[in-house]
Structure formats: C-alpha cells, structure tokens
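Both of the next two complexes hold subunit A, though its partner changes from subunit B to subunit C.
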Partner chain A sequence: MGWPHPIHPRETPVLSTHFGEVEARTHAGWVARGGYEGLRQALTMSPEAITEVVKASGLRGRGGAGFPTGMKWSFMPKEDGQPHYLCCNADESEPGTFKDREILRWTPHALIEGCAIACLGIRAEVCYIFIRGEYTEPGRILEAALAEAYAAGTLGADAMGSGKRLDVFVHWGAGAYICGEETALMNAIEGKRGNPRVKPPFPAVAGLFGKPTTINNVETLAAVPQIITRGAAWYAGLSLSSPKSTGTKLISVCGHVRRPGTYEITMGLPMQDLIFDLAGGMHEGRTLKAVIPGGSSVPILTAAEVATCITDYEGIAAAGSLLGSGGMIVMDDTTDMVFQIMRLARFYAHESCAQCTNCREGTAWSTRVLERILRGEGQPSDLDLLLDLAENMTGRTICVLSDSCATPIVSGITKFRSEFDAYLSGARAPALQEA
Partner chain B sequence: MADQMVTLTIDGQVVEVPKGTMLIEAAKQAGILVPHYCYHPSLPSPAVCRMCLVQVEKLPKMVPSCVTAAGEGQVVHVHSPEAVKARAGVLEFLLINHPLDCPICDQSGECELQDFVFQEGNAAGRYADYPKRYNPVENFGPDILYIVNRCILCTRCVRFMESVALEPVLTISERGDRAFVDIDHDRLLDHAWSGNVVDLCPVGSLVSKDFLHKARAWDLDKTASICSGCSQGCNISIDTRDEVVVRLRPRPNLAVNHHFMCDTGRADYRWMNRGDRVERCTVAPAAQPVAWDTALDTMRGILDATDGPITVLFGRRVSVEGLGWVMRLVEGKGAVSAMQLPLGTTAPLAGIPDLALRAERGPNAAGAALFGVGTDWERTVSGLGPDHLVLLVDVELSDADVAAIASVARVLDLATVADPRVTTVCRVPVTNMTEETGVFVNRDGRAQRFLPARTPPGDARPTWWVAASTWARQDAERLVPATAAEAFALLPETDGLTHRDLGFGGALLDHPVAAVGA
Partner chain C sequence: MSADATVQEPVFTPARRAQLDRLATRYPNRQALLLPALWIAQRAHGWVTPAAIEEIAAELGVTTAHVQGVVSFYTMYHTHPVGRHFIQVCTTSPCHMCGSTEVVKALLEHTGCIDLGAQSPDGRFTVIEVECLGACGFVTPMLIDDDFIESVTPAGVPDLLARYP
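On to the complex of A and B.
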C-alpha cells in the first residue's frame, strides 16, 4: 500500500511503487524514477501504434465500467480535421472510493504522463483533468506538478522538443457527484450545469465542446506510461485469473477492517485474502457481514459470497456484483444494513441532478421510505413498494445514478430481508428519531 | 425518395416516415399520441421527463421516443404492459410533489398532467404519508407567475428562453427533489415573446397574470383566427367565454409562427370586447335607426349621384373580402384609397427565422395591395376637399384625420365603433374580424383565414356584404355573395383560391405582393 503502511508482500506495486516518496512528486524526482520515458517513446510512435499497445495490454477502464481502454481510443475518428479532446475523470466521488486520490497526491507525474500519451493516441492536443472540488491537497500537488512539467518543457507547444503540442489543464469541480458522469463532466468543463447528456451521440463523436472526445479515469491513464515502457505483454501477464482482466488494480478498502487503505493487487486475488490478509481482517470479536466491492453503486455481497469471490471483473460479476471503481466497503456483524442502505439512498437523493423524473423523485421517495422503516413507522407493504420503486428507477433514465441508488436497495432487501422485517415488526428498536 | 423513407410498425400499424423522424412523431402519423412532457416540436429535446418511453423490440431497455429515430423494420410498442407500467410509474413520481389544487388552477381542463394521469395513471398514489414540498409563488415577469409547487421540471420554459428566445434568463436551481425553475435574480421574464412559456408549460406552474382565475378551460370556446397585431400574421386561437374574449393563444403553423406569438399580439384583445359598438343603421338627419334596406338604398343613391372624387379610407383590420367588395363598389369612379397602417417597434424571436413582431401594425396591408389600396394614409387624408365623398370602413381617426374629414360634405361610415366627432350621411354597423369569416394576407403573401368567434352586435353585417348589397342594388342582374367564402372566390385578385384551399394553414398567393409600408 505504501505510506503510511509498508507495501504488503501480496501486493503488486505498479502504480503504487512510489506512494509515500515525497521526491516522486517533483519532475526531477519522477524522471529519476524512470518517469516520462513512456512519453518519450510515445512521441516517436503513431497514434495507431500507441492504441495497439494499450489494446494488447488488456487495460480496462478503472472508473467503474471496465470498458477496454484501447478499444475506446480506437473509436476516435482518424484525420477528420477537427480538434479532439481528452478528459481525465479525477472527480472521484463514489462513496468508498479513494484510490485516485493516492495517485494524484503521490505520483501526479504518472497521471500527467499518461494524459500526454493518451492525447497522442487519440490525436488530441489538449487534455482537461476534471478534479473533484474537495480534493484540495491532491489538486494542489497535481497543479504544482503540472507547472513543473510545463517549466521543464515536457508539456506545452513543443512537448519534449518533439514539435508537438500537448496541453493539460486542471478544471476544478464544485462538489457535485454527478459531474463524475462522463457527459455531465463535459458539460461542467464547458461551464454549463453538470447534467448528463443523452447518448447517442457518444463522446467519441460529439463530446467536449461538441468535438470527438475520449474520457478516461485517473488510474487508467496512470497505468499507460508503464504499459508503453514495459510492454503490453508484461501488463497482460500480471493477471492471476482471466485473460479479460489484466494488470493491477488499486482497491481502496474502507469500513470495518483493521488496516483500511489503498492496496494494489493483481487481478484475480481472492477477495477473502484481500480483506483478511492485506487489509488486516475484522476487529477483535467481529465477523464479516457484507461487502460492497466496487463503490456504492454495485450490489452488496454477503460474507458467503465474498468467501468464494475472485477479485477481477469476471469473478465479481460471477458473484453477482461488479468490480466497479474498486472502492470496497467492508461491513462487520455490528452493521445495521437497513441504516447503511438508507444512508446510500440519501446520498443519491441528494446528488440526483434532477433532470429525469424517475431519479429525481425515486431516489428521494426511496430514502423517505427507508427512513420511515428506521423510525419504526414502516408498513408491511414498504418492502414491495421499495422494490417496485427500484424497478421504476432501473434502466429508465439518461444516466445510471438512479440505477445506482436502486441496486443496493434491491440487493439489500433480497439478501438481508430479516433486518428489514425486524424494524417492520417492531422487534428492533427504531434507529432514527423524528425526521 | 424511397431510400430516404423508413417503414416501421407502431402498435401494429405500419407507417412510413422520412429517415431521421423521431418515434414520437412517427407515432403521431399512426394516430398514436405518446404521452410526453418535456418534448415539444419547436424546442430541443432533452429526454428528461421519461414519460415518452416506448418499447422497441430487440432493444434491451425502453427508449425515450422523443430522441430515438425511427429505424427500418422497427417494431415499436407504445401501449405494451411494460411501457404503460413505466409511464404510470413516472406519473406517480410526478404527482409526489404536485399539489392537487386543480379546482383553483388555471390549467385545469387543459393540463397534460391531468390528461395523462386520467388516461394512464394509477387510481391512487402510494406517497400518502408525507407532506408535499412547498415553495412560495414567485413573480417572474410583468405577466408571469411561477407557481413552484405545481412544477414538474420539464424545462420547456428554460429551453424556450435559452434556445428560441436566445435570452437565457431561466435555469434549474438546486438538485434532486429540491430542484426548481429559477430566474436570473437581476432580471425579469419580460422578453417580448416570454408569454409563450405559459403556453409551453404542460401544467399550471407558469400562469398569466392577465388570465389568472378568469375562466375555466372547459368553459372556453376556441376559434381559429389570425393575429391582427402586425403583418406577421401569427395563427392564433381566440378563446371566448360567453361571447367575451378572455385570451389569445398561438395556434401552430410551422410556415408562419411555429407554436408562438408575441406578448404584444397576445395582449391585443380588449378592443374585441368593446361594448360601445354601432348596432343600427342611421341616415342623416334623422337620429332614428333605419332598416338595412333604407340604408343600402341611401348609400346606392349617394354613390349613383356622385360624379366628384371618392376617397375610401380603410381601417387596418378590414379583410380581403371587405377590401375587394368595397373597391368593386367604387370601381370606375376614380376612387382614391388608403389603409391605415400604424408603425411600431420590431421584436424578433431570435431563434426562429422570419418570425418577429413587425413594425407594420396591421394584418392585411398586403391584402389591401391586391386591390390597389396603398398605405399612404396622410397624403390621402390631406387630399380631401369639400366636394369629396368619403367612405370610411372601420377606421380609427386621429384629431388631424377628423379635422380633414370635417371639411367633407358627405361621409358614408361603415363602422364598428362610431366616432362622435364625425358627421355622417349614413352610418351602418359592420362586424369586426372576431365576428366574421375572412382572409388576411401577411407580409409574405400568405392568405390566411379567420373564423367568427363571437355573435355580431345588433344589425352588424360583414363589410363585404354591405358593399356587395349596395353594389347589387345598382343593377338587377347583380347577385350578392351568400357567404364570405363565395365573396372571396368571386374576387379575381385572389388567384382563383377558395377558402377551402386556404384551409387552416393558409396558402401563398401566386402573384408578387407589393412592398408593405411607407
């Protein structure tokens, strides 16, 4: 994991190798650690060649959807005579997710280099890094690193003396979770209200400022320099499991574990080992109850499901959830699942952009029903109501925020129904007082 | 052409539509209205209300029909159980915070929320145990109130101001279920076309102060008409309640005004309700009313006896039929004529080409040009002399006009409202445009029909009938047209068009229209 803990022997440090090293934040320090070698090589390569390497590496989007990165880049039009843009999604706002923060604050040059290489891959000259407004410390470190990269001539009108223009700008978010949705992020950069756009058109056709745009997550882009320098085969070989899940993944583990933090694992590590070995397992006398494996938007896994789950895209999907962003929320037997689900629903109700009716009203209504159950005022029909609302909130809206709210509600009711029943029957004392 | 058309099946009906047509419009061709709120044919589609979701076979999710283009061979289900359930769900969501104050809501009776809930909504909501959101009513502009509680956040008003008026003073503030339409705090909704947001609002959230609590929608009679405010010729509906005009609203015509009308035109209805109308024929010097026969004989006698100059002065709202038959009546007598055409400021609706409040504040100057009637009012009036016979046709006179006419010995007045300053030989009551069928020709040469919305007062008859009846008395062979349609068709200047040809969209006249205005 790196600072403040030593790297665990079962971690595979690729992105996290230099976490905790203050000198790695500086341009000189980064170059001394082999930094910007990937960019130097990429500047001599054709966009197709760069894209091919990334494609061959099997790198998939680390923001949550897991879409193959090389394929995404290949969707960009070829010589079409209009500007292309790269957006880097650093609006890491998913509850339970804090892996990009570590990249931003410890190895900002890895991200900047990744952005530069990706720009070359998609024929863009300009990259916007949209950073979460609350990330003041990581953001300042990133901005300092960016200033150094410009001062060193690594970026700018003549990047590394290649004659090519590469510009990277930081755009600060203002605190809306929805701006992490790719098209809302583009609206926000354009100075508009951060509302997701209707797709199609997809960003590769009409994205930022209506131009072809690729958007990638911080972790995705930060992995690109080493893929260029060490080769696609090296990266693809890092998998322990499926050939469709390659490389390493930063997992931010939080909740009821002894050592919460960000761990870099090779794809395919058993989830049980991740929680009980790397993250130190449960506190004294506690047992595992549930895990939300990929940020708050994915279905909840029970302890039994975790026991056999392999941590990669396919393994978690087989267990009935998603790897998502890799923000793992671990809950032990003291957790009130009804309360947890209400808390998530409340988050989504607060963050709904208010465009789509189903999301605007559904998230708020679901929250109220859950609060009512927690106040001991629930009605026997409330669980059916919640499931019906969830159906009306799934697959009905422009973006997936409303689906994300419905998912934990449905999996929570399905897997932990007895806890809901305890509130409904009065067997359990109300957890909430007056609203 | 064939390859630019796509054929698809909607609820079992096969329709063929141009490529690129959205499903919601394709469904209209099959006679199916997909319920919707945010979609409006004259606005960009944001697909946010999620009401128009339909099922398309082979697609994994339901799609919003307002932004999904029709595809070859698609099989679309608007009324499948899944789609109906999805829409019922949306309606239930929309009703969460919507107050059920329909009994005091202006929109009631023409409310799309009422309509679709009645059509497809659940019998009862399940959101019974919570208070509804409350926000105070906001003053948005000179004629517009925003009743926040009723808002369903379809954003039509925001998009109208942003994309059509090109004056983005409205936005959505806040997030989640706290969201509401907000106005730039330093601005008012006082754009010259801002009244359209009231029409666009599918519920009673944006209401007109002028119409507030004036009438219930189901008590209104709606009559297709043409705005008489300027030469644009916006298609409108005259809404009356018990013979009283209570509001004007735009009527869609994509060739003229899309779905919009300006605030000046919208407010221009009070003259229609005037109570001081001329109701009986009078012949000088007697003050007693006379029958039409007497009045028409008098007018014929005066015209027959006149071999001096004749001047015809038309008001700005005289129809093509009225103009044509009055000019036929004075044909061959060397009559001089002019139509009043006041000038004002222009106010374009920037987002739509060729749509503006025009400087020429009369609806039919181009129609007058068909009959050689110009708009050089001042010169015509200043040319009046004591030996003139003046024919006034529904004019509004200034003090200068009255002074010029005072020197004239003989004035025949076809009047809607009597001007007490003018002494007439004969005054007969004529209908105004809200009481007759007729045609105006707009600045583009488009002839458009308007229909009677009210009963004429007293003995009032259409101008064309008065003129034609006088004309018929000059020769036993002549017949009076029975209807306005006949009166129109018998005029050679109208290119052989008939009222039926004009329909409700109007038709362009063949021959070029003389320049309008001074």
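On to the complex of A and C.
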C-alpha cells in the first residue's frame, strides 16, 4: 500500500491529519484521537440542530456537484412515519479521482462517525455505504472498522448507550462507473441493474426502497464530525477566498507531476501553487500543457488558464471549468491531447448504461470518430461532426454521463484544435493502427 | 478461487446460506441481496455459473431473467471460467499517460496469455484491461484476484507474478 506523502507546509490537514497512522484505523486509536466525540454530541442534539450546524458551516458536496450539504439534509421530510435512509457514495470511479480511497483506508472511523451523525440529522437509522467492488483493500479496512464500532457499542440498536438505533452497512458494487450516479447507486443496492432513474421524484421524496433518502459522498460525510465538535464558524472560516467555498478540500493530483498524491488544501489556493509547489511540478525539461481539474468530466484548462485559476468552486468556474470531485489530471507538453480525449471518450462509451439513445449512440460514435482521426482516416468534417454529436449529448439524457463525455471533447477541440488538424491533414503520423 | 471440479456443488451450502441469512437482516427485502449473493457465488466457483443464476433466483424470489440482466450489467462478475489468478490492470487516461501500456505488455509476455481476456495456456492467469481503478496517483495500479497492487512497473512484473503460483 502506498504510504501518504509527508504533509506539505501549505496543506491544511483536517481530514488528512491522521493519514498514514495505522493506529487511527482502530476504534481505540480513533477514540484516542478525539474520535466519536462528534457523534456523542450529536446524539444529544435535535435533527434540526445538527442540520443547522452543517448548513452554517457552508459544507458542500465533495462528490462533484458541490450542492450545499445542510440544505440537502433539510429536504428530508419530518414526522412522516416512514423509514429514512442514508447512502454513502464510496463508488469513487471518476478518472483522476482517488481521494475517498485515502479516507476509507486511513480514517474509516471518520467516515463511520460522519455517517452516524448524518443519520441523526436526516432521521434515519440505517446507512448503506456503497463501495466499488475494485476497492478491495479500502473496503476490507472499512469492514474491520465497522466490526469494531459494533463491538464497542458505538453502532447498533443502542448506539453509544443512547437508546437510538444506528446501523451502518457496507454494500459492495461490482464494476460500474455509473453506480456513482445517485439513483443508479440506489438501484444497485436494491439488486437491480445500475440504470439512473428519472427525476423527479428526487431521493428525498422517494429514494432507496422508495423511501426518503439522502446520499452524500465519503469526503462530505467524513468532514461532519469535526464540524460538530469544532463548530460551523471554524469550518466556514477555513477559506482563503469565497464565502461560498468553505473548509478544506482533498485534491488528488495525478498525471505528469513529480509528486502525485492527495493534498488537502484550504479552498482558494492558487492552482499553479498546488501543481508546482505541493505536487512538485513537471518532470525535468517538461512544461505544463493542460489540466483537467475536477475529474475527467469537466472542461480542460490550458496552462494559461491554470496560471490565474483559484482552486475553489467559484474560482475554477470563473476559469471555465469545475472543481468537480477534485481529481486533477495534469498533462505536460508531451501529451497527445487527441489520444487522451479519445481515451476518455472510450471510457464513457464503456461505462454508458445504454438506456438513453443519445448517450449509448453518442459516446460510441464519438469514440469511433476520434479513433479514425487517430488512425489518420479522419475527414475534414469530423470536428464539426464531433461538436454536433456533443451538442446532442448535452442535456438530453436521464443522467449526465453523456454530458461528461461531450465536455472534454468540446473543450479539447476548442482549445487544442491544431492537434486535431495535424492528424486530419496528415502532418502528424497516425497514433492508432488499423482497427 | 476453486477449480472447475467444484462447479457442480451448489452455491448455498449450509455455511453460505447462513452467510446470506446474516446479510438478509440488513435489508427490507430479499432482492437487495442480489449483488452480495452473486459475490458469494463467484467466490465459491470462480465465476457465476448458469446453475448459480438459477439457484440465486430461487433463493431471492426473482426471475432468472432478472438475475441474468444484473450479472451482465456489472463487469466484475464473470460469466465464464477465468484463469486461477485474474489480473485487472488500469489503462484509463491518467494511467495511460504514465506508462500503463508497457505494464500490460509485460503482463501478457510474462503470463504467456496470447491476448487480453484469454487464459494463459497453463490456466494460471487471465489478464484484462479495466477502466479507472481509482488509484491514479499510484500508476500502474492493478487487481490480482482480491489484492489491490499499486505502482507496478514493467520491470516489477516477473517478481509480482511469482507471488501467484
């Protein structure tokens, strides 16, 4: 297992404080580090009070959409007499993103505690943590931590002696990116194909097993215990920039950098510093070409755009992209943009659930057109064709997988058109052999 | 994973039925046991056999067509036998950019698999490429059976494979 890097002086460790400490994985070790104090406090609070604290902290969903967490919790019905459910999305599969994995394998109790507190906030007794089947190692660590939490009486029919039932269960996925989409995830737990559902109804009305459900990302839930113990004002004050982007964010940096890894930053750190200082910058003799800042589904930024970009929700949006999941793919000047965009399109084509025509056909045809360009068989009209396909893949389907495929294609053609033209004109030798 | 000889054995032996019954207490209905039940079946036989599909359908009170549909949706369930050790190597963009192609080549060469998805002649390995394993900072990551292995280089492949006799 990869050991985490030493904490960089410009990181702000909140979630990552105990990454790398094997003892923090145990229940006793977690309690010794102040763990489960947030749950102890939350057990004395009303659901409204818990939700208000989270609302005031400004915490936003760390899975990609950035929706205010407290507001999401407040959508859950009150006094409706039905079971409520919490789902934790541990289906981390967005290319470039590997931050939840660090929480799962180093501080599983932070997540378990966050799940328990969130259950109290939304009036649920049961949480399912849906973890991707490939996360064998983090999943085993999480299951061991859960077993200890039950043995210690922290979870179960009488959680921490409160008389309240709090159950947290692991549900293993089996290989499907689309199950990271919230309603697909619910279908997977229900024993169905992971097809996203038409919304409305939204999960807070009819979610898992048709009951009111809240779904949150691992990183979001792991932040909750410290928000309870240290207060909303403390969390909201952890920002260098916008009052709309509070707290810290785990950014997983990969690709062509010297020190790939997961870095915890205060919102507002310049992206240039993140890449060149924290992640060590480019390899010898290389220069930065492009960054996909929020997982593969967001627009590509050029080096010039990166140079002035602030790393928070608003800053990256102002630069023309999205913070997304915080999975940052860094590309240097040796990168063949056409090939990498094709590779991403192939990913989405592989992962399409295929229920919507525009996605099933659009992702597949985009991939084929990009492949033929790379084989040197592209036609002059292919770029217009790709842009036309992209338009028909955006905003036309049940979920955003199809939009996600279109996004890097459009930004790639717009910002790196000369690389496409080089294949089309024959100036560049084919990168793919005949099919 | 066990050999083909055990394929005729039912999935739900008393021990494995007890495992399923323990899981059943977590859900409000039996259909929700489908993904867990398929994992139990695959761990038992190395793949999800047609007989296992029938058995699970009966056990959960759903149609075999429903089970078939689910099995075919999730890529980690095998619908045919695979090598004794199943290798899944990530080749999505971040890994591709950092050299996963060479790792795949080394894996094919040293396992003797003639192609991706094919069993090696000795039945020891099957190698496939998979989409993002969520460990992009640890190029090249792979799964060998249930072991998640990070930062594999082409030069490291022979020693790695030697650990899987």
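Some observations on this one:
Throughout what follows, the second predicted complex is superposed on the first by the 431 of 435 C-alpha atoms of A that agree within 3 Å, B and C clash if a C-alpha of one lies under 4 Å from a C-alpha of the other, contacts with A are read in each partner's own complex, and residues count from 1 in each chain.
Convention: contacts are C-beta pairs under 8 Å (C-beta built on N, C-alpha and C of every residue); 3 or more make two chains touch, one makes a residue touch a chain.
Values in this document were obtained by computation on a predicted structure and should not be read as measured data.
Using the contact criterion defined above for the overlaid structures, shared-chain residue A:G175 touches subunit C, although it does not reach subunit B. Judged by the touch definition given at the top, the superposed model places A:R230 against neither subunit B nor subunit C. Once chain A of one complex is fitted onto chain A of the other, the partner contacts of A:R33 are absent, as it touches neither subunit B nor subunit C.
Contacts of A:Q355 after superposition on the shared chain: subunit B is touched, whereas subunit C is not. When the two complexes are overlaid on their common chain A, residue A:I329 makes contact with subunit C while staying clear of subunit B.
Once the two structures are superposed, subunit B and subunit C can be ranked by residues of subunit A touched, with C on top.
In the superposition on chain A, subunit A positions 176, 193, 350-351, 353 are in contact with subunit B in one complex as well as with subunit C in the other. Remark: subunit B residues 45-51, 53, 60-62, 64, 67, 86, 89-90, 92-94, 96-97, 126-127, 129-130, 152-153, 155, 171-172, 174-179 touch subunit A in the complex.
Those residues of subunit A that touch subunit C in the complex are listed here as 1-2, 83, 92-98, 100-101, 126, 132-137, 167, 169, 171-177, 188-194, 209, 252-256, 260-262, 296, 327, 329, 331, 335, 340, 343-344, 347, 350-351, 353. In the complex of the two chains, the subunit C residues touching subunit A come out as 26, 28-29, 31-36, 38-39, 60, 62, 69-70, 73-77, 88, 92-94, 96-98, 130-139, 143, 146-148, 150-151.
The touching residues of subunit A, counted against subunit B in their complex, run 176, 178, 193, 198, 349-358, 360-365, 368, 372, 385, 388, 391-392, 395-398.
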